[in-house]
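Lettered A, B, C and D in written order, each chain numbered from 1.
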Amino acid sequence: MIDRTIRLDRSWSWRSFFFQWEWLLVLIFIAINILNSFLSPYYLDVDTFVSMPMTFLDKAFIVLPMTMVIILGNIDISVGSTVALSAVVMAVSFNAGLPMPLALVLCLVVGSVCGLINGLLMTRFRELSSVIVTLSTMIIYRGIAYIILENQASGKFPTWYSTLGWGSVGGIPIMVIAFAVCAVVFGLLLHRTSFGRRIYAMGSNLTASRYSGVKTGSIIIIVSVLTGLMAGVTALFLSSRMGSTRPNVAQGYELDVIAMVVLGGVSTAGGKGRIGGPLLAIFIIGFLNYGLGLVNIQAQDLLIVVGLLLIVSVLVLNVGFLDRKKRPVSPTRGEKEIQEEDL
Amino acid sequence: MKRAATFSENFRELGLLVFIVILCAAFQIRNHNFLTLSNIRDLLADTAILGILSVGMMMVLLTAGIDLSIGATLALAGMVSALTVFAIPTISPALSLLEGIAIGVAAGALIGLLISRFNVLPIIATLGFMNILRGITYVVSGGAWVSSYQMSDGFKSLASGTVLGVRGLVLIAVVIFVIFAYFINHTRTGRQIYAVGSNAAAADISGIPRRRIILLVYVIMGALAGLAGVLWVAKFASAQGDTATGYELSVIAATVLGGVSISGGSGKVSGLILGTILLGILNNALPLINVSPFWQQAIQGVVILAAVLTNVIVKRNNQRIALRRRAI
Amino acid sequence: MREDLLKESTDVADRILELNHITKTFPGVTALDDVHFDLIQGEIHALIGENGAGKSTLIKVITGVYEPDSGQILLEGKPVRFHGPADSQRAGIAAIYQHVTCYPDLSVTENIFIGHEKVHPLTRKIDWRDLRQRAAELLERLDADFGPRTIMGNLSVAQQQIVEIAKALSTNARIIIMDEPTAPLTNRESEDLYRITESLRDKGASIIFISHRMEDMYRLATRVTVYRDARYVGTWPLAGKKREELIMAMVGREITQFFPKRSVTIGEEILSVRNLSRTGYFKDVSFSVHKGEILAITGLIGAGRTEVCEAIYGVTHPDSGEIALDGKPIQVTGPADSIRHGIGYLPEDRLRQGLVLQWELFRNVTLPTLGSFTTAGWLNTLREQAVTKELTEKLEVRASSVFDLAGTLSGGNQQKIIVAKLLAGTMKVIILDEPTKGVDVGAKTAIFRIMNDLAAQGYGIIMVSSEMPEVLGMSDRILVMKEGKVAAFLDTHTATQEQILSAAVPGSGAA
Amino acid sequence: MRREFSRIVRIVGFVAVALTVIGFMAACAKPVSKDYAIVFKNTGNPYGDKQMSGFKAGIEEQGFKAILQAPAQPTAEAQIQIIESLISQKVAAICIVGNDFDALQPVLTKAKTAGIKVFSLDSAVNPASRLTHVNQADSAKIGSTLVEAAFDMSGGAGDIAILSATSQASNQNLWIDYMKKDLQDPKYAKLNLVKIAYGDDIRDKSVSEAEGLLQSFPKLKVIIAPTTVGIAAAGKVLTDKKLQGKVFLTGLGLPSEMATYIENGACPYMFLWNPIDVGYLGAYTGTALVKGTITGAVGDKFKAGRLGDYTITKAADGGTEVLLGPPFKFDKTNIEDWKTVY
């Protein structure tokens, strides 16, 4: 008879260690830095490295919750509009006499409420796919922003507010610090708490999760609210950088964000991916954009480059050696799994 | 039970129809020029392109896919065909159409291969190609526009020309609707599209060429986008790099309004037509009834959401009724 | 008849299908290792073996879903190669698969004919009228109670099973493969299936019948082939072959006691259900479970057994009625609550509802009780793994490490993992819905033993099952359901199979 | 344990980032380029291309190097990023064609403190964030010219409508305000402005807006479209509906885009300045600012190559500006020569 003792370690191989998506991303990242520093003499510069992150980090705040959304197997394309709406409400309420600190809070609140609405729609009407729900709220949220502010811009913020998006502490931009904090928090949430574990469970097998007593509804709502909240944070930094706001800010942010998450190796089928990938992807795309901007590559060429980067990387992920499904997962792998894969 | 089911299947069409009638009535009361012949002709002409694209999008959605790249495909096809017309004014309109379609097919085939052969998720593949194709459009045009005077009248008449008082554009759309209605309802391949979307695993073991079907729908989508591109340029007599940016979302909205399920397998042409018309009416009527331009977007969004939600609610009601009917 | 078949079996000419030295390997696992199989014209041939023995792979090789790495397939003596299901269909081979493979959004007619519809030579238009007619005829032959226009998704599993058979018939297949066709069916439905199968055989079709149920095999087959661990064990005429011998051949060891006896003193009542109703599913269901008791709930598919359990577990919400635990009424808004109260549920469909197949064992085991493995939301992974090791070893799960993926285990072991999920928490009542469905003989006994141990530890156990032997062999009391209502309460010691059936089958018996 | 790996991987990733950054901290000071940059609204816009080519010509004939940049989408966010990269390149001057009046102030202020001469062109940014503004034409003048044209085409009386670009476009809104002011003039009493529609400079939207105008106001006499996309769309609609001679179109448009409609009479005449000259003037303003011959204060004078001498004047928005000249009138007589130019 075979022995019944069950080991507490997993079969470990250098292969499985190195063939991880994150490694490829690290390589791409280093490659891009080398490329940039060859292309432009201005790249290797302290000022550049202080100002560069600030040009793309505003979106990055949304990448964090979007990673959760996509691991859940959902998608949220209303984030751009949420940013616009919360920014507009903040600006208008401030100019209506609300003290700035409160206006900032309000901005976050509005963002969270937008997220909450998405969440409620998704849980109350589970038949609807998240694409449909967020597609319509995307139109509605921006629509409301237009109703509020029509063709005006609103701004005239107090001067201290601009330091949020422009200032730095000890040579490190406030934005970077803020983002680092958020990134750590979300990373821990996703990989070290029961909340994160349940997100993965739902992404991998929703039904089984329900039968295993995962409160799927509340998880979806919490994640949606988090998404809205971070959209609010983005709104804070964006309006601080622009010194004013309009209903048409942050257009198309949703696609940029999704692209980053996916480049980070998070499967839109749900259940797969880790926070590290998207984090690297943010800096890869950001540095690439900025570096090529330094050598005055035209915008249209940038479009092509980023598009290609996305396609090629996903191709490598699917076709290339990285594909986990093609590796025997454990010696006792039996017929059942083969069926699972082929059917 | 069965009756309830069939009712709920036809409900969407009925509901949409009622909804459209009510809307029209309301608009007509607000502005008496709404239901005039000339305005209806404008409406149809402006909705034709949306309709053509929504047919393709329907098939993509049936296989549980999605295509975000059509706006860019449209722009590229339009730009290239316009540039050719500019270079060779004598080229026949039919040829330009073919040229546009060819470009669309090429783009669609690339995307389709990525999705069917290399299992790239549709949303990703098309997201990437949205950027790539848009970029290429700017590159080929060198940032320039092709203007009305640089296009042959024959080319422009593709859209503006009328047959028996009907805009050529509209005719083409109608023809396409008829062809594809026949294709997906009455041919093997057509039904297999439904099958693949309904249960991919089953499709594999019952010998349906799943990958080929998926490739096919994206090629069709591309072809229609290419066609639409040429018509678009002909209609507005100007080709720009940023043509139809973000148009894919309106198309998806129209398709979903028409009752095509994003998760694949279900959706009808009849519903699709109504959905497209509904969206067309909104675009055409809101300016007409002097709704502040700043309210239009919100209103459109609310209408879309309302349409989708009512459908869900009614479906649930039917199920409840069906359960009551069950003898217990 | 069996005798002359026996003679013929030696005679190669009558072998309509023969597979020799077939080997099929997947990365990391050999699914078929130099196996043999032969099918005689006009016989029903049972293929048995534990899960993982290679049965399903063999079918996929025959139907061309897989191409074998080596070995030859002879169809009527001529070697053939199938490069896809389409080929095998053309050769007259049809398969009815284990997990019913239908198109829920399409009509029955399309489900039957998809891929080989009759089309107009020129217009390529599908001839719907003709198809509907033929579909109607086929359904007639199988005397189905639904029309060709019905949407597949609205049919019950048994009805879908019939459509699958109609599909096979529509191709005029000469060789029909049935992979576990009776698994989702009740005895009565199985009877219908037997009848249909035999009529097919009489019409000249040769049938490969795969099943875990010994009843099926003895009822239908003339010869049996046994596989074990991807290898060919042997082929025998069933006549005079004892079930114990076959089981030995399958599991490679003797299984002495099928339904282990036990001595448990039944304690006080833990769970009581009063007038539980859910519109359209079940009505006024009342019963109670005691400490150490195994209550069997049986009845036909669609009688509302699973629905009642799911309502108790909180997956669905009853319209009226009350559930009391230890005499105290409880409010259950979802599985989370019931788990907290100590009600555990082993769902019917373990692949969809029970496990996250691509997850490691320990993550599966701790999922329902994740809260108890966290301090302030913080996961203690090491404890998860320790607890998993302990439970899986106690349940004798056949796995190498707590990091194995649930999908890599055999059905029986997967079932044990789900049990482990329940044991990880502090349960009082455990509901097992078809615990032995699609589980091989070896694992069955193991599961029965576990059930007894649990009862002995004072758990109250509800077992939903369609299989008479295990209902009679395992339970203390039997609740028979019919059309959503309680049809009968029987004491196992006095109950007989006939009593149960007559109570369960609509029309007959008193409710 | 895979999570352990991933943690390692992540750490490695950020160590990589840190190292690169630190490495670059040590990097030596960089050369200061003497380049002149122009940032247009968005790429793929021929009007912008002409402006940039004019700017390029002006810069290069003075022996400097020009950087031409434009984002893919006409948004302030995108322009901010481009300007940031220009600051990193330490260019001599930035000539911005603003997508937003206020939103660029922070980044432009940063540029100014970095010693870069910042001025706006065509579409202004607020006075605080620019040294001066190169104005293609006097806004008040544009307003009055267009109203005058409408008066002339309508024969002095009737309904007129405006088809504008996006509801935010600062230029258009300014001009429209001036038109409204002019229409108060008793001379225009019989002209009544029935609606201002926004086509967002998107083809299909502009077309349906134009059709909407014609549907809801059958008595419409003149459409004023002070935007290149809008006017072309309107021209197309009038042509398709064979309304030449019944409804007249005027406004600001590209000769190339409008040639067809001016020739077929849908648009008797329209106005525009020469974008090449605008860019060219911008180039010389830039070099003058860098040389220090001007500071952007009212009264400063400088010579702008072939265009001759210019003086900086007070702008309506409170800042200062350089005025190119009166808008140029295009009609049947001259469109032939211009349609191929831009």
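Going forward, a residue touches a chain if its C-beta (ideal position, glycine included) is under 8 Å from a C-beta of that chain, and two chains touch if they have at least 3 such contacts.
This one's a predicted model, so the numbers in the text were calculated from it and none came from an experiment.
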Exercise. Indicate the lowest number of steps between chain B and chain C, counting one step per move to a touching chain.
Key: 1
Practice problem: Determine, using the mean of C-alpha atoms as each chain's centre, which chain is farthest from chain D. | Solution: C
Quiz item: Where the centres are mean C-alpha positions, what is the separation of chain A from chain B, in Å?
Solution: 30
Quiz item: How far is the middle of chain A from the middle of chain D, if each middle is the mean of its Cα atoms, in Å?
Solution: 34
Quiz prompt | Distance from chain D to chain C - Cα centre to Cα centre, in angstrom | solution = 71
Self-check item: chain B-chain D separation of Cα centroids, rounded to whole Å
Solution: 34
Quiz item: Can you list the residues of chain A that touch 2 or more other chains?
Solution: 9-10, 146, 150-151, 252, 298-300, 302-303, 342-343
Exercise. Among the residues of chain C, pick out those that touch two or more other chains and give their numbers.
Key: 60, 65, 101, 403
Quiz item: Going by the touch rule set out above, which residues of chain B reach two or more other chains?
Solution: 134, 137-138, 143, 201, 204-205, 241, 294
Quiz item: Each pair of chains that touch: what are they?
Solution: A-B, A-C, A-D, B-C, B-D
Practice problem: Could you please specify the touching residues of chain D with respect to chain B in the complex? | Solution: 42-46, 48-49, 72-73, 167, 195, 197-198, 203-204, 207-209, 211-213, 215-216, 218, 232-233, 235-236, 240-241, 254, 256-257, 259-261, 263, 339
Quiz prompt | Residues of chain C that touch chain B when the two form their complex | solution = 60, 63, 65, 84-86, 89, 95, 97, 101-106, 110, 114-115, 117, 119, 124-126, 128, 147, 150-151, 154, 279-283, 483-485
Quiz item: Which positions of chain D touch chain A when the two form their complex?
Solution: 1-3, 5-6, 9-10, 12-13, 16-17, 20-21, 23-25, 27, 30-31, 42-44, 67-73, 75-78, 80-82, 84-85, 87-90, 100-107, 110, 166-168, 173
Exercise. Report the residues of chain B in contact with chain A in the complex, numbered from low to high.
Key: 66, 68, 114, 118-121, 123-125, 127-132, 134-139, 143, 201, 204-205, 241, 246, 249, 252-253, 256, 262-263, 292, 294-302, 304-305, 308-309, 312, 315
Exercise. Spell out the part of chain C that touches chain A in their complex, as residue ranges.
Key: 26-29, 31, 51-52, 54, 56-57, 60, 65-66, 99, 101, 313, 315, 334-336, 338-339, 345, 347, 351-360, 363, 367-368, 370-371, 373-374, 377-379, 385-386, 388-389, 392-393, 396-405, 407-411, 414, 421
